[in-house]
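I've put the structures underneath this note.
In what comes next, chain A is part of two complexes: it sits with chain B in the first one and with chain C in the second one.
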Partner chain A sequence: MTDWLAPSLASAVVAALLLGVSCGLLGTIVVVRRMALTGDMISHAVLPGIVAGLAWSETRNPLVVLACAVAAGVAGSAAFAAILRHTRLKPDAALALVLSVFFALGIAMISRLQPSGVQAFLYGQVAAIDRNDLKLLVSAGLLTVVAVPAGFHLLRMVSFDPMFSRITGLPVRAVETVFYVLLTVTIVIAMQAVGVVLVTAMLVTPAAAARYFTRSLSMMAALACVFGAAGGVAGVWISTLRDALPTGPLMALAVTAIFALSALLGPRHGWLPQVLRRRRERTRIRGEDILKHLWQIEENTGAPAERTPEQLAGVFGTSRRALQRFSALGLLDREGGLVRLTGNGHQRATELVRAHRLWERYLTERAAYKTDHVHDTAERLEHWIDEPRRRLLAEQLGQPTEDPHGSPIPPDETEVAR
Partner chain B sequence: MTGVWLVVTAAFTALACGIPGTFLVLRRMSLTGDAIGHSVLPGIVIGFLFSGSLDSPLLLAGAAFSGWLAVMWIEALCRRGGVREDAATGVVFTAMFALGVVMLRLVATRVDLDPDCVLFGNLETAIHGAGMEIGGTRVPNIVLTTGGAALLALVFTALMYHRLLASSFDATQAALAGMSPGLAQSLLLGVTSAVIVAAFQTVGAVMSVALLVLPAASALALSRRLPRVLLLVAVHSAVSAVAGIYLATWADCNLGAAVVLAGAALMVATWAARRVIPTL
Partner chain C sequence: MDTAALETHDLSLSYLGKPVLHGVDIEVPRGSLTGIMGPNGAGKSTLLKVIMGVIPADNGWVKILGKPLRAVTGRVGYVPQREAVDWDFPVTVADVALMGTYANIRGWFGRPGRAGRKRAIEALEQTGIRELAHRQIGELSGGQQQRTFLARALAQDAEIYLMDEPFAGVDAATERAIVSLLGKMRDAGKTVLVVHHDLRTAARYFDRLLLLNGRVVAHGPVARVFREDILEQTYGGRLSLLGEIAARAARGEGGEQP
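After this line comes the complex of A and B, so read on.
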């Protein structure tokens, strides 16, 4: 535990926290603007600049390195734009070209110039982050944390509707420039922690994970910061457990683990919530089919219907969950081992039958369906038509009283009550 | 002799990558190629652990499997998880790559696998590695590996030519003609993984993407007919290999990077020439 107090480790934790927060903030914008792979391109394109800066500045002055890197990043973006303008190549090929050729230039320069300190940028070394880097990291992190929320409204407008923003006179160019420069600076700093390839993980993965929880951009940004910081610190912590464990890849794997959990459990599009929702819907449909079944027996025989669960299982398959839920809702009555409709259940069944028969009528009259083809479609749709829509159907069809097969269409009960 | 082997290996690598790369560019899947390039790493490490050699077919199998796994994972995220394609690609390839690096570091103390070859391969060392006697001359294994990859790419294209052509330009029509475009695509991605494994030792993960895309990018400046494009891809690969060796000797730098830079210069020159002489 005393290891945590060691200065190098403390600075590694601080660095991971700050990186997580600033990457999460910028990554949110990157993800919603669908430029995840543009971020990847920038992180490769800055390499020649970093090598030039390291070779030029003997003392490894972080500001010189940063300035050269930003210049190389701008050159990469310009090359991307030039490829799109002057050739027939598509954006995917242009991205792949810029990222790999700039990277090759960086590698050629490394092998020629052999600058010291380049290893940290290639593979990432949180431990190699020294006081100077930490100062830069803190100032860049603070700048991001202040600038992005402060300009959040502006950035959101410009990101989602650049055309409208330009027309209304917003400084689109300036906002974009500031955003790109901040992004490039953050990428260069993050590279020292996780290495050239895995910057994309710190940028994209926390934000992509946050999308599983919310639609709101500001909530997403806040969550992405939390995920990024948590993943970063977790990566640093795991790497202290054993020798020879690389911190950068572990940080990337930690944010990926957070992403995987979000993909499993996140309320929006998450796997488990989707499975549960689908199961709930299936139970509801099964229950509604049982209500309708009992209602129709009553329609044919004229007497309230009672069926044992076994008899119902013969028609629908085992429906224990549907029976439980619908009796809990007070739609079915299970006294004495027999299933029958309650008053509310009867009304709900009437609505379903009404939806079914109205829809059959609509299909035959308006969609030129044969009368013997409409049942299956109506059987599925009856579960999704509510009363306002039933009323609309009835109005459109001129308040019909019979379905195409001659069965009566039950009237709207609320109407009758009035 | 070393010089000849260097040129031959570089040309084989460029050709092996350039041919499947052409179809990736035509299908607008260059970035899937990039994702595969990074994602094969865990498969390579596992294959290497089991076989103990970089030339083993186990590496191919492992790499093809992890490349395939990455593509499936990206598709699953897009289709069922509601993640956009670019974000899904970014999440998946970095995860696979990070996993590969961690595995590599964990086993690196026990096996002799250079972590540098992940980011940039080293052609010179590869040439001086193990070799075998064929007809009285010593042929480095790397020449055979890259030659095999180039042969695989050529045979694959020859066998699947019509299916690849049809499914690249009109997947629906291909499906109607009973050509199973899904199968063609899966095989294409499998071959891509295989050639990337061969390119790993010579140029590394990132620059193999350049070799996938560059030849097609300049060939498409000169022709719009697939047979001619493929021929030009082969020419581009050979020229950039030879020019790259000269560049590397002149500038005294990494050979793989020099081959890529020579190829890039060739591509820029091709598009510039096309602008100057539009009838080209």
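After this line comes the complex of A and C, so read on.
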């Protein structure tokens, strides 16, 4: 435990926290603007600047390095914009072009100038972050944490609808410049922790995970910060457990694990909630089919119908879950091993039959379906036609009393009661 | 007489070597409701974007309320084409309506004020979607989506409105609601230009029509312009020589060497 208090470890944890938060904030904007590859382009484009800065400042002044890196990143973004404007290349090709050319230039400069400390940017070394780096990291992190929420409205509007922003007279270009500079600074700093290739993971993954929980941009940004910080700190912590565990890749893996969990369990489009929802719907439909089955036996025989679960299984397949749920809901009665409709079950079945027959009538009358084509679709859709829509169908069809096959359409029971 | 709400002079534009607009000269009076019609590729949306200064014209100028566009920012309202919107973007109906008031935001730390919020809510009421305020825009029906962007335009409280196919993909009730809203806007003195596709409703919905097919085929009051021969000219194929020669000039090739 005392390891946590060691100065190098403490600075690594602070670095990871700040990185996670800045990457989460900016990554959210990056993800909703669908510009993840632009982030990747910037992380490669800054390399010539970093090399120049390291070669130029012999004391390895982080501010000089950062300034050179941002200049190179801005040059990369400008080159990208110029290619889009003046050639017919599409954005993906333009990004690939800028990324590889700038990176090639950076690598060539490394060979020629052989600056010290460049390894940290290529592969990332949290442990190598010293007091100077940390000071810069803290200031840049604070800048992002203040600037992004403050300009949130502008950033959101310009990202969502740049054309409308321009028409409204917003300073679109200034907003974009601020955003790109903040993004580039964050990327350069993140590179020191995770290296050039994994920056995109820190930027994109927490925000992508946050999308599984919310549809609000501000909430998404907040969650992305939490995920980024948690992943970052987890990466640092895991790397202390064994020797020769690299921190940067572990951070990237940790945020990816958070993403995987979110994709699995997230309430919005996550895998498990969807599976459960679908299963619940299947059970409901099975139960409703059983209600209707019993109702129709009663319609044909004129007497209350009882069936054993086995008889029902013969028609519908094993329906244990549907029987359980519908008895619990008070729609079916299972006393004495026989399944029969309760009063409420009878009413629900009547509604289903009414929906089914109204729909058949609607299809033949209004959509020119042939009479022998309507049963299957009505069988499927009857489960989705609710009370207001049944009423609307009946109204539009002039309160019909028979379906196209001549069977009676049961009247609306709430109306009968009135 | 008052200066026109919108005046364009000799607007021409080529895109990727293809001429899109030829010498568009129009003058739209204030407080009028104009339908912009023409076949696919006639340059209708492009004309709106050139008017708003989003796409620079190769030639010609635009004046709005007698002034260059720069002098009247914030007084032009816009409803984009449905395809131009990222429906997946995490914003709510209320967020979008509020964006109509952002012209008043000052500086990086500025945020929408109480007056803006009030205007956005009123706009949502006018378009009949106040109860949907907290829905994400992708969860709406086509009609509701169109109403959302109409509400944003209303919240702008502009003087001249440009709308790109507001009737595309909407239900009958929404279409009626939009038509009545457009009438009210005109009666309140606003100038409205609407890109429209349906010839059957054009004469009923608008006071004036601008028939476009790369060039202005006709422009004026419905009674004068909505005629079979003019429609035939608009929709019955482009002037092939006009397009061909302008395309050569745009590509900068195919001329005779002396």
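Criterion: the second predicted complex is superposed on the first by the 418 of 418 C-alpha atoms of A that agree within 3 Å, B and C clash if a C-alpha of one lies under 4 Å from a C-alpha of the other, contacts with A are read in each partner's own complex, and residues count from 1 in each chain.
Just so it is clear, contacts are C-beta pairs under 8 Å (C-beta built on N, C-alpha and C of every residue); 3 or more make two chains touch, one makes a residue touch a chain.
Since we're looking at a predicted model, the values are computed, not measured.
Novice: In the overlaid three-chain picture, which partner chain does A:Val315 touch, first (chain B) or second (chain C), both, or neither?
Specialist: Neither chain B nor chain C is touched by A:Val315.
Novice: Which partner does A:Ala244 contact after superposing on A: first (chain B), second (chain C), both, neither?
Specialist: Touch status of A:Ala244: first partner only.
Novice: Can A:Ser100 be said to touch chain B (first), chain C (second), both, or neither?
Specialist: First partner only, chain B.
Novice: Once the shared chain is lined up, is A:Ala78 touching chain B (first), chain C (second), both, or neither of them?
Specialist: A:Ala78 sits against neither chain B nor chain C.
Novice: Using the superposition on chain A described above, determine whether A:Ala10 touches chain B (first), chain C (second), both, or neither.
Specialist: Touch status of A:Ala10: no partner.
Novice: First (chain B), second (chain C), both or neither: which does A:Ile167 touch?
Specialist: second
Novice: By residue count, which of the two partners contacts chain A more extensively, chain B or chain C?
Specialist: The partner that reaches more residues of chain A in the superposed model: B.
Novice: Determine, under the contact definition given at the top, whether A:Asp92 touches first (chain B), second (chain C), both, or neither.
Specialist: first
Novice: Classify the contacts of A:Leu272 with the two partner chains as first (chain B alone), second (chain C alone), both, or neither.
Specialist: A:Leu272: touches no partner chain.
Novice: Quick check on the output: what are the common chain A residues between the chain B footprint and the chain C footprint?
Specialist: 34, 88, 211
Novice: Okay, in this complex, where on chain A does chain B touch?
Specialist: Residues in contact with chain B: 31, 34-37, 39-40, 44, 86-90, 92-93, 95-97, 99-101, 103-105, 107-112, 122-123, 196-198, 200-201, 203-205, 207-208, 211-212, 244-246, 248-250, 252-253, 256, 259, 263, 268-269, 271.
Novice: For a test of understanding, state which residues of chain C touch chain A in their complex under the given definition.
Specialist: For this pair, the touching residues of chain C are 16, 49, 52-54, 73-74, 76, 78, 80, 84-86, 89-92, 95, 99-100, 102-103, 105, 108-112, 136, 152, 156.
Novice: Show me the residue ranges of chain A that touch chain C in the complex, using the header's touch definition.
Specialist: 32, 34, 88, 147, 150-151, 153-154, 156-157, 159-161, 163-170, 178, 211, 214-217, 220
Novice: Sort out for me which residues of chain B touch chain A in the complex.
Specialist: It is residues 25, 28-31, 33-34, 38, 77, 80-84, 86-91, 93-95, 97-99, 101-102, 105-106, 108-109, 115, 119-120, 204-207, 209-210, 212-214, 216-217, 220-221, 251-254, 256-258, 260-261, 264, 267, 271, 275 of chain B that touch chain A.
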